[in-house]
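Each of the next two complexes has chain A plus one other chain: chain B in the first, chain C in the second.
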Partner chain A sequence: MTKIDHSKATLDSAHSHGVVPDVSRAARKTSFDVEDLPVPTGREEDWRFTPVSSLRSFFEDTPADGHVRWVVDQLPAGVSLTEVDPEEAQGLSVRAPGDRVSALAAKHTGAAMVLDIAPSVEVAQPVEIGIKGTGDNVRGQFLIEVGARASATVILDYQGSAKCGEFVSVDVADGASLTLVVVQECDQKSVHLAEWVIRLGRGSKLHSSTATLGGALVRMNTSVAFAGEDSRADLFGVYFANSGQHIEHRTFIDHESPRCRSRVTYKGALAGETARTVWVGDVLIRAEAEGTDTYEVNRNLLLTDGTRADSVPNLEIETGEIEGAGHASATGRFDDEQMFYLQSRGISEHEARRLVVRGFFADVIQEMGVPRIERDLLRTIEARLEDVDD
Partner chain B sequence: MSTSPGGTPLTQDEAIASIGTYAYGWHDSDAAGLSAERGLSEDVVRRISALKDEPEWMLARRLKGLDLFRKKPMPPWGADLSGIDFDTIKYFVRSTEKQATSWDDLPEDIRNTYDRLGIPEAEKQRLVAGVAAQYESEVVYHQIRDDLEEKGVIFLDTDTGLREHPEIFEEYFGSVIPVGDNKFAALNTAVWSGGSFIYVPPGVSVDIPLQAYFRINTENMGQFERTLIIADEDSYVHYVEGCTAPVYSTDSLHSAVVEIIVKKNARVRYTTVQNWSTNVYNLVTKRATAGEGATMEWIDGNIGSKVTMKYPAIYLLGEHARGETLSVAFAGEGQHQDAGAKMVHAAPHTSSSIVSKSVSRGGGRTSYRGLVQILEGAHGSRSNVLCDALLVDQISRSDTYPYVDVREDDVSMGHEATVSKLSEDQLFYLMSRGIEEKEAMAMIVRGFIEPIARELPMEYALELNRLIELQMEGAVG
Partner chain C sequence: MSAHETHTLDIRGLKVSVETKEGPKPILRGVDLTVKSGQTHAIMGPNGSGKSTLAYSIAGHPKYAVTGGTITLDGEDVLAMTIDERAKAGLFLAMQYPIEVPGVSVSNFLRTAKTAIDGESPKLRTWMKDLKDVMARLKMDPSFAERNVNEGFSGGEKKRHEILQMELLQPRFAVLDETDSGLDIDALRIVSEGVNRAKEATGAGVLLITHYTRILRYIDPDFVHVFVDGKIAEEGGPELAERLEAEGYDRFLVAT
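Right after this comes the complex of A and B.
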């Protein structure tokens, strides 16, 4: 590997050719070899918002001191949960890890879990899995395989206090349909860095909802690749950050096949000193992805002073033959007019705030498709709001 | 006389033959005096400073710029700049030894250039208040209307500004954009030459736009102009910068720094329509500070160049300051327009608006890259960002990278972007009315950028429309 000395950039012409920026989001390095993914400094595009200095142990190539535990009541017919060794997991993954933490998670996972839904099976009952972690250096990889023309709802419920790096591969085969619900309510001290890589086959469907509420530092880095044409992906996200929390969501929708449709809608609320959220939504429409239809929305509601919300919807488009592409991002406080209207109807300020927040999140929460979880989530958010009022 | 520094005679016919469809693609024979040396060294920097007879502090600043330029890495984001070879660029070219005071004093070939740009006509029609014509790195012609001088308005080229108003200069030079702000700002600080220096005294409103015309005319020559505008309290000025450059076969670098200080309740509008030839790397740092109740407006058109990286910034430092950026970018074959805007809200009740429109065709790439930052304490601030991109064919590219960072709760920030292809319905409708496809496409594009074109001075709006038509040629079929 050549090292470039920029101090000589003007003195030696060979050195003035040092840096060529990535041509598109797809050009970022992916590898199972940890050596290919150096320890980030915090200046890299994909780490610039993350407090990397507090994550040193996550980047060290050391064996894990613990693994995540999967808690499953019972599995419906056609659904199986098995363990595979890291090598086999590597072969099954839809692509290699895109950052050092997930590469280390794959390397030191011990056994990787594989949730398999057999082809053509329609699983009526949601498959519910509790994921619990404890330990200061937990690494894990798991895989979800949805067979051709199968359909299922998978609920992942994260709990525990672990400092955990995780690599998740999801393969939705041709004609299959996956509804994915990820609820993250870890302890306030936990740190969770996860990379999700999802591949959608031809004519397949993904409906994914993520609720991130717990943890001191959570980073969910999700990539969805349209490997076949005529597929559809809907990604919804809800997050709530209080004092001392850093909640970061990154999504990357790679339109590499024609006539696919994607919608990304993330909404977050922030309350309390140092509450911090980051949302980076990348969309790439490749030259061959004619007929693409994509839209992304991020909204942030600032409930108190001292919070910080970053919102970056990036769009890269390599063809003009598209149905449409767009994004919208808005960050602001309570709508004074709405508050005034409600209060003028005799509703107390406290109650008005509750209603406005409920209204803000309602459309995204309703998309989860599992009534019990929707109810729990609204309750949790309202409880968090009560804390703010004090 | 008609020999370029490389020793190859370049006739006007040859130059014209190499031009293609570029609108202003002629060039005069290369008569530049001090243009022989390529590459950058401490010696070159010292010589530039000595030739200009500069004060010691400016030389020190230049040397610091050189040091920081060498230390700073190339930006790892944005456009591909690997084609720039800093060793083959000329960092200082002087075309005549002293400044001319009337058109007749100018050398004939330089006068020809300006005649073709239509400056004397513009003068006659009193469309311009003063013309600082930058020719090959140094201002050679300068004229300012008497009434402006009477009002105390200073409008000079930057070299003269430093000589005649050292006290204003030392106070403000580098105060908005520090030496080491970025690699190219450091380079500019080391080798700057020319540019405009404007001071508008308190309460003075300059009611006609101040204009400057720029040209690059020496092969491989860098243009590093430095512009400093100070609008004192309650004043107003509109500055118009236009760039045209002839076509050459090797890559060329333009790296300007523009600093603007808008004081309390003052307003500055800065308009650029950039039409560098398609071999120029246009890497420009533009930044303004706006005090209490002040308004800063950037109107930014990017039509030419091979690569442009330019993100005019406004730091809203006083309460109720307002910032506005309107930008339009057009990328044709082989072009990458990486342009955008930056708004930093650092005081309460500040507001900003960014409207960006871009058109890509023929494999060209436009990128909107922006940052809106609302810092702690900037309560009651509002910002709105709108990006629209139009893709004319299947092979072109459009990107949007809008960074938003909000650190205050009592604010409102919105961003929206849409990317669309040229509507076949609109095209069909226009063609069914008997309008040819080529003209119909040009009409749609003109309609798309109209919200920005109407903010331009009339002659610029006309030029923009003409440039768009030229750019759209060959877009059909």
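Right after this comes the complex of A and C.
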């Protein structure tokens, strides 16, 4: 078990547990011009855990080949889904892409999809969208625009079989509230590299849950910027990697406004030879972000031998006038004592494992806020666990 | 106890080693002990004498390797059983340091255990009532059932939770490993009453492991065994506990 917990990190003890060659996380290049973002070698801080040699086609500036199908039943009043051309999408994006794959996705998207929630609309029913990619070189950009004081729950369910590079922009305007649920269940050959850039306006709320289960290689690089004061972001993540899967989550919380609160909680389980996960959580508290309150945590449960979980929290603090800043990371195996305790009450080893894994994920799954998806996710995790026992 | 069936837990020549970095280290060096339904045996002795090792060995903790001897329950070979099979056969261990299980609620844990031991799920209405009643008698707040197993419990809450399990799971034999440690006088009384209730209700045999005589004011032992250096050094009735209270364990330590 490796474990760190610095729940009371302050300016004095601001530190980093990984190599951060960037002067600051804020200094990282962003651009819509693909030429500004060179092909990564794998030594860069933001690519060092990713098997870039297997991703050559993703870095090539070639037209897309394949397509993404959006499946939507019926949109409630005040919600629209439209196509815009790449130039318009570029203008709407909350910021430019931060890596070559997403810059290429924006360039070659063809039409970009825009999901728009009109100002002041309170959408009671979740807006559910199935996203199905097909093809070996899929590029796509889409945008979610939440109008001022609007509130909505958006569920994105990724399916299909594709190699897909994606750039997603989310704009949550002043006083708006967005609950976002992203479920990743692409088939076991899929490769999905996505960059999400999220901007939160003054007094807004983001509650985001990500469940990453499918795909041979999935990389989700999510940035949240507090553009206005008194906002709040809660990011939850659940992932399960079996043999042959590489699942990577990167989060960057940019506290650039006063009195914002962020919580990042990601939990993963790994099973089988070569199962691999990466979590890198960057938090930047800028000088102007007084009154910031931030905490991030990552936990990994290694269910078998041969797995590898990397967990890197980074905290940069430029002001001491904050409410709190901390992070924790722990990676460990099934606890023998927990198993003994449960079994000594007559519970079989199989059932005890199920209880422990359910319990491990329980708090993050409960945060999804959509009961049907919570149930499905627990069932999927239990099915994956059954495979481990065989 | 005549209303209950009589069962026998028989320990013969038990030798147990524990895995250490320097290799296996012998702890128990030949223990003989017979416990029958309705009896309470106090196992006393200085720290490091092997009392807890005996408790864990009966329950089947993988850290302890049995290198000789037998444990049988009504003639059935306990050592051949897995951990959960031992619990289903009627053995229960109240632990000195109960383990936290994050994300698993007390109520879910108890119902899962009860279902496993009985081989069928308890009837919901009776179960809820039983749980509520036993918790009330152990002076546990109803909200306790929704907390995660042992997570953030105080020392006293952990021990009450162990005895709650004993009352609900109704074992044939309960091993109580230093259940009295870390309890204030009120908690000790409440927990002891729980043990006595469970015994009365089911006629269970009890193996009460303790360093101090304090708990014996609330739970009357039929037999007292003094453990020294992995063996029973002396046996007797309740009067032996009184003598230990007065003289301590020095007498035995000098003798070895």
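Miscellaneous remarks
Here is the rule we go by: the second predicted complex is superposed on the first by the 368 of 390 C-alpha atoms of A that agree within 3 Å, B and C clash if a C-alpha of one lies under 4 Å from a C-alpha of the other, contacts with A are read in each partner's own complex, and residues count from 1 in each chain.
In this section, a residue touches a chain if its C-beta (ideal position, glycine included) is under 8 Å from a C-beta of that chain, and two chains touch if they have at least 3 such contacts.
Only a predicted model underlies this, so the values are computations on that prediction, with no experimental measurement involved.
Once the two complexes are laid over each other on the shared chain, residue contacts for A:Gly324 go to chain B alone; chain C is not touched.
Looking at the shared chain after the overlay, A:Asn300 reaches chain B, while chain C stays out of its contact range.
Put chain B and chain C next to each other and count what each touches on chain A; the higher total goes to B.
By the document's definition of touching, of the two partners only chain B reaches A:Glu45; chain C does not.
When the two structures are aligned on the shared chain, A:Val312 is found in touch with chain B, with no touch to chain C.
No residue of chain A lies in contact with both chain B in one complex and chain C in the other. The part of chain A that touches chain C in the complex is made up of residues 335-338, 340-349, 351-352, 355-356, 358-363. On the side of chain B, the complex with chain A involves touching residues 39-40, 69-82, 84-88, 360, 376, 379, 389, 391-422. Residues of chain A that touch chain B in their complex: 6-11, 13, 16-21, 45, 287, 290, 300, 302-322, 324-333. Chain C makes touch with chain A in their complex at residues 59-62, 82-84, 86-88, 92-93, 95, 98-104, 108-109, 112-113, 116-117, 148, 165, 169.
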